[in-house]
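So, here come the structures, one by one.
Two complexes are shown next, each including chain A; its partner changes from chain B in the first to chain C in the second.
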Partner chain A sequence: MSAFSLKNISKSYGPSRILDDITIEAGEGEFIALVGPSGCGKSTLLRIAAGLDHGDDGSVSMGGRDITAEHPADRNVAMVFQSYALYPHLTAAQNIAVPLTMRNLSALERMPFVGRLIPGRAERQVAIRQQVATTAASLRIDHLLDRKPGHMSGGQRQRVALARALVRQPGVFLMDEPLSNLDANLRVHTRAEIVELHRRAGVPTLYVTHDQAEALSMADRVAVMMGGKLLQIDEPSRIYDDPRHIEVAQFIGSPRINVLDAVTSENGAVVLGGNVLVEGVAGPVGTPVQIAIRPERIKLRPAGGGGIPAIVSRLEFLGSEVIVFTRIDGSDGSFTMKAAPQDVAHVAAGMPVTLEVDPGACLVFGKDGLRVPLRTPIKQMAHV
Partner chain B sequence: MSLLSLISPRNLRLALLSLGALVFLAPYIWMLSTAAKSREEIFSSSLSLWPHHWALWENLGKAFSRVPMLQLLFNGVFVCALIFFVQVVIAIPCAYAMAKLKFRAAQTMMTLVMLGLLVPIHATALPIYVALNKTGMLNSYFALSAPFFISVFGIFLFLQFFRAMPDDLISAARLDGMSEAAIVSRVIVPNAWPAVTAFAIFSVVAHWNDLFWPLIVVTSTERATPPLGLLFFRAAEAGDDYGALMAATLVVTLPLVAAFLAAQRRFIEGITLTGLKG
Partner chain C sequence: MSEIAAVITGPSGQSPARQAAARAAKREERVAWQLAAPAIMLILLLVLLPTLAVFVFSLTNYELGYDDFQFIGFENYAELFGDRTFLISLKNTTLYTAIVAPLSVLIGLGVALLIESETRGRAFFRTAYFLPVASLLVAMATVFQYLLHPTIGPVNAILSMLGIAGPNWLGSSSTVLISLAIIGVWQSVGFNMVLFLAGLTAIPRELYAAAQVDGAKSSWERFRLVTWPMLGPTTLFVTTISIINAVKVFETVKTLTEGGPNKSSEVLLWTIYQEGFVYLRVGYASAMTVIFLAVLIVLMILQYRVVDRKVHYA
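== the complex of A and B ==
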């Protein structure tokens, strides 16, 4: 039994299918990152999980209880919005206290003057204030508590929004690109902090982002969505090394994975520049396939060696590494690779080189985009 | 040379605007002047803006003694407040529902609001009058205010304002456990002050100055609003005592002028918010 699950969720707006049969099950305390390009339906899925929207099909359940029909207020979910959605007329402290006030005080107790007369309200209010203070302290925003959102920076607002979600014990955390409005430095810093907060709270989390690096670095499992479909959900390393779909391979990883169109020859082999890249691809001779190779799995060698002859077209220096762009000789294909600066110190644009692909680095995808299994694992790149 | 240098585009604009302001203000200034003149001076052949003989207190005294001025002012304040209060209480939830909730009749309601904007009170005056007459409710505060309780203009104005409010804010409120009523009272209203102020200006100015409707449903001085009271005063008592009449007018217009001066900034914010001028 999973702590929080979305089962077979589908949704259409008119003729366009925004979500297509999506199933995600989060275990106890699991952090799942939902990643995909803009417009693929991530926010819609999150809103369905929160009960703010309803799918045409499928069910949502929490701790084994079906909550598909429940009102958002009854679901006990906490959500952090991309725009933070803080109440502009309330101070940070009041903002954080809202979910507690709405839950712990009755309608009568919340009334401006009458409420004060009800016995027990004062104690509950002290308890709320205590909780707000504790949460604020854990996010180090104690000094902002009396400020209104209009007088805070983006990063400070983001923390208040996090505090408002953390202050109660929700059944699930939903976060919709909470870091996308922060600058790069703060983003990396806050990433680590969210992971830490999540670990302490131990609540299952669905975290939406369009930044694949964020997804890989934070999540226990990454769910890749494209055009309303869930293409793969797996651990970050599996998503990176063993993508099930060409679009997953292309979306994850920076710089982008190299993709070549090719056809199989004798023995299910794919040959490039006189080199067998891969062997044992299923299907008859002449099957069109796509070969994908990660940039860091290609090595640059001096021209003339055994390998794929190519010409360097451009270099990008990134500090700890250099991205080398090359054109393959005698074809319109191109390869991007990642190298250590000292290894390419002598390389300049226009230089002929030889490329050597790591054995087993080739991922083969069929025309439908799905991964094609290999009959025989490759050991060594062979020259023919 | 120095005179020529005064002719800059900026000064020209200022001069033009000042001239315009003077044209619009002239009747009011003349009213002030007349209110301070004695009867003889008003009818003397020489025109002068500044009274020779200061008779403002005298005229004010006459206005207050011959007309139940305090009663008129109270009626005006009460009717305007009642209308404004009920309008807001109805228009805000209505506009919220139309702006942020999805329901089947939304489109139809939008059409109805648009139609409502096109129908002036003059068109419906007669049937409403007949209904009030049949139920014996003429000459009452209710008759003065009820036809204005539902303000399509108010609904429209709030609708535009609420549409600009972020959906996420309302989603967050729902997740925090608020009911729709709580969202309206705790999130929408506290953030709608600019719109409420703008609407207050239109509503209060329109109904404080309204003569058409009070003239139809009120015949007694007890329920008369200030403009209607002035009309009674001119017809019955003042005769040709324009000094007293203008003094009474001054008293009637004073609350709005004072309110404007006190809240000038907010007034202008409100009017620029709606993008309307009137």
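== the complex of A and C ==
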């Protein structure tokens, strides 16, 4: 039984189908990143998980309980918003306490003057204050508790928003691009912190992001969404190395994966520049396919060797690595690759080179974008 | 060596860059004054001077048509606080404001919330509620005169169908102020609604989502947690404007009751108008105007001192 699950969720606005039969099941304490370009429906899916929106079809359940029809207030979900959505008139401490006061105090007890007269309220308020203090301490924001959001930096607000989500011990964490308003440095730092908080809380988490690096580095599993469809949900390494769909391959990884249009020849082989890139592609001779190769799996060799002849068009120095852009001789195809700076010290734009593709590096996709299985995995790139 | 230093720093002992900066700053200051001059002149001529003139008049016994007048100090003010008409007028204006301002703020907020929560017919309702603001109150007063007429008016006709004997709305001293207040509320609700609508659209949607997730289940809880505090600055502004407008009530009094019956709808502006334009006692009317201005200013200062700090959170 999964701790939190979305089953067969579909939703349309008018004729456009923005969510198409999406099923995601999160295990106990599992961190799932929903990643995709903007407009792919990931935020809508998160809102449906929170109960802020409703699907046309499908169900949401938490700990085996069907909560599809429940109000967000009853679901015990915690959500962190991109804009943090802190209440600007309340101090940090009051902001963090809101979920607890709403749950633990009755409407009468929350009233300004009458509330004080109700027996038991004082003790419950002390308990709430203690919980707020503990949560704030764990996020190291105890010194901000008396400040209002207007007097805090973006990073501090972010922490208060996280504290507000953590304080209630929710059934599921929902995070909607919580890092995208932070500057680059802070973002990388906070990434690690969120993962650590999640590990300690042990609560299933759905984390929406458009940043594939964030998704890969944080999540136990990554769900890639495109145009309202869930293309693949898998561990980060499998999403990267073994994408099920050409769009997954293209979305994940930076620089972008190299993609070539090709047709198969004898034995289901794909030949480029006199080299067999891959063999054993299913289907008759002449099947149109797309070949995708990760940039770091192409090696740069001196011109004239056995490999694909190409010309260097541009170099991008990134410190620990260099991105080399090349044009393939005699075709309009181009390849991008990653190399160590010392390996390309002598390379300049306009220089002819030879490209060598790692054996088994080619991913083959059919016309429909789906991965095509290989009959015989290739061992060594062969020259013909 | 010292000669070279003298050349570099120039005769005044400052570096050329410093001197250039100082010259530029001076030039900029001059341009700033030139650009601001027309606005300053207009404020002086159109706002500050007339106000000052009113204050000076209030210290004289000037009457329109007479060539001669004397400065009589604060005698006008002394007379004011013994003047029964003025005191009644002060009391009536306070009462009228105490009815109209809160009601028009609350109803304006209510209407804005209703319109905001429903997408259908939003433009229609917005226009409909705004119509009284755009229409001429003097013209609309004739309609109210008909509506509230004791014998031929539809209001009393409906009341009598229900078996209630309707009062002489505008003609009886016990109901006239309430009748005027109803018209005042009718007129200002639309304006307040438009301001509240603008305030409502400025509230981030994510706050409502956060409130729902945090456990604010009913719309009342969300109103208390998000809408009301976020509308703080708007509410302060709307309340201020409503009070000012209520204190300034004149058109309906002039067209419908002329302060009567028996001074029971005597309000500040009406009294000032009577003294200044009917009895032509400019000095005395000016003293009233000064009091009127002082009341408004004190109200505004109080409001902003007390409330402003509580509604702006940044």
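One rule holds for everything that comes next: the second predicted complex is superposed on the first by the 384 of 384 C-alpha atoms of A that agree within 3 Å, B and C clash if a C-alpha of one lies under 4 Å from a C-alpha of the other, contacts with A are read in each partner's own complex, and residues count from 1 in each chain.
Just so it is clear, contacts are C-beta pairs under 8 Å (C-beta built on N, C-alpha and C of every residue); 3 or more make two chains touch, one makes a residue touch a chain.
Since we're looking at a predicted model, the values are computed, not measured.
Novice: With the two structures overlaid on chain A, would chain B and chain C clash, or do they fit side by side?
Specialist: Aligned on chain A, chain C clashes with chain B.
Novice: For A:A348, using the defined touch cut-off, is the partner it touches chain B, chain C, both, or neither? Pick first, second, both or neither.
Specialist: After superposing on A, A:A348 lies clear of both chain B and chain C.
Novice: Between chain B and chain C, point out the one touching more chain A residues.
Specialist: Counting contacted residues of chain A, the larger count belongs to C.
Novice: Quick check for you: in the superposed arrangement, does A:A184 touch first (chain B), second (chain C), both or neither?
Specialist: neither
Novice: Let me test your reading of the model: by the given contact rule, A:F81 touches which partner, first (chain B), second (chain C), both or neither?
Specialist: both
Novice: Please work out whether A:G150 is in contact with chain B alone, chain C alone, both, or neither, and reply first, second, both or neither.
Specialist: second
Novice: Determine, under the contact definition given at the top, whether A:P72 touches first (chain B), second (chain C), both, or neither.
Specialist: A:P72: touches chain B and chain C.
Novice: Same chain A residues contacting chain B and chain C, which ones?
Specialist: Comparing the two interfaces on chain A, one with chain B and one with chain C, the shared residues are 47, 50, 52, 71-73, 77-79, 81-83, 85-89, 98-99, 102-103, 164.
Novice: Which of the residues in chain A end up touching chain B in this complex?
Specialist: 47, 50, 52, 71-73, 77-79, 81-83, 85-89, 98-99, 102-103, 164
Novice: Report the residues of chain C in contact with chain A in the complex, numbered from low to high.
Specialist: Residues of chain C touching chain A: 204, 206-207, 209-217, 221, 225-226, 229-230, 232, 313-314.
Novice: Show me the residue ranges of chain A that touch chain C in the complex, using the header's touch definition.
Specialist: Touching chain C: residues 47, 50-52, 71-74, 77-79, 81-83, 85-90, 98-99, 102-103, 107, 148-151, 164 of chain A.
Novice: Quick one: in the complex, what on chain B touches chain A?
Specialist: That would be residues 166, 168-169, 171-179, 182, 187, 190-191 of chain B.
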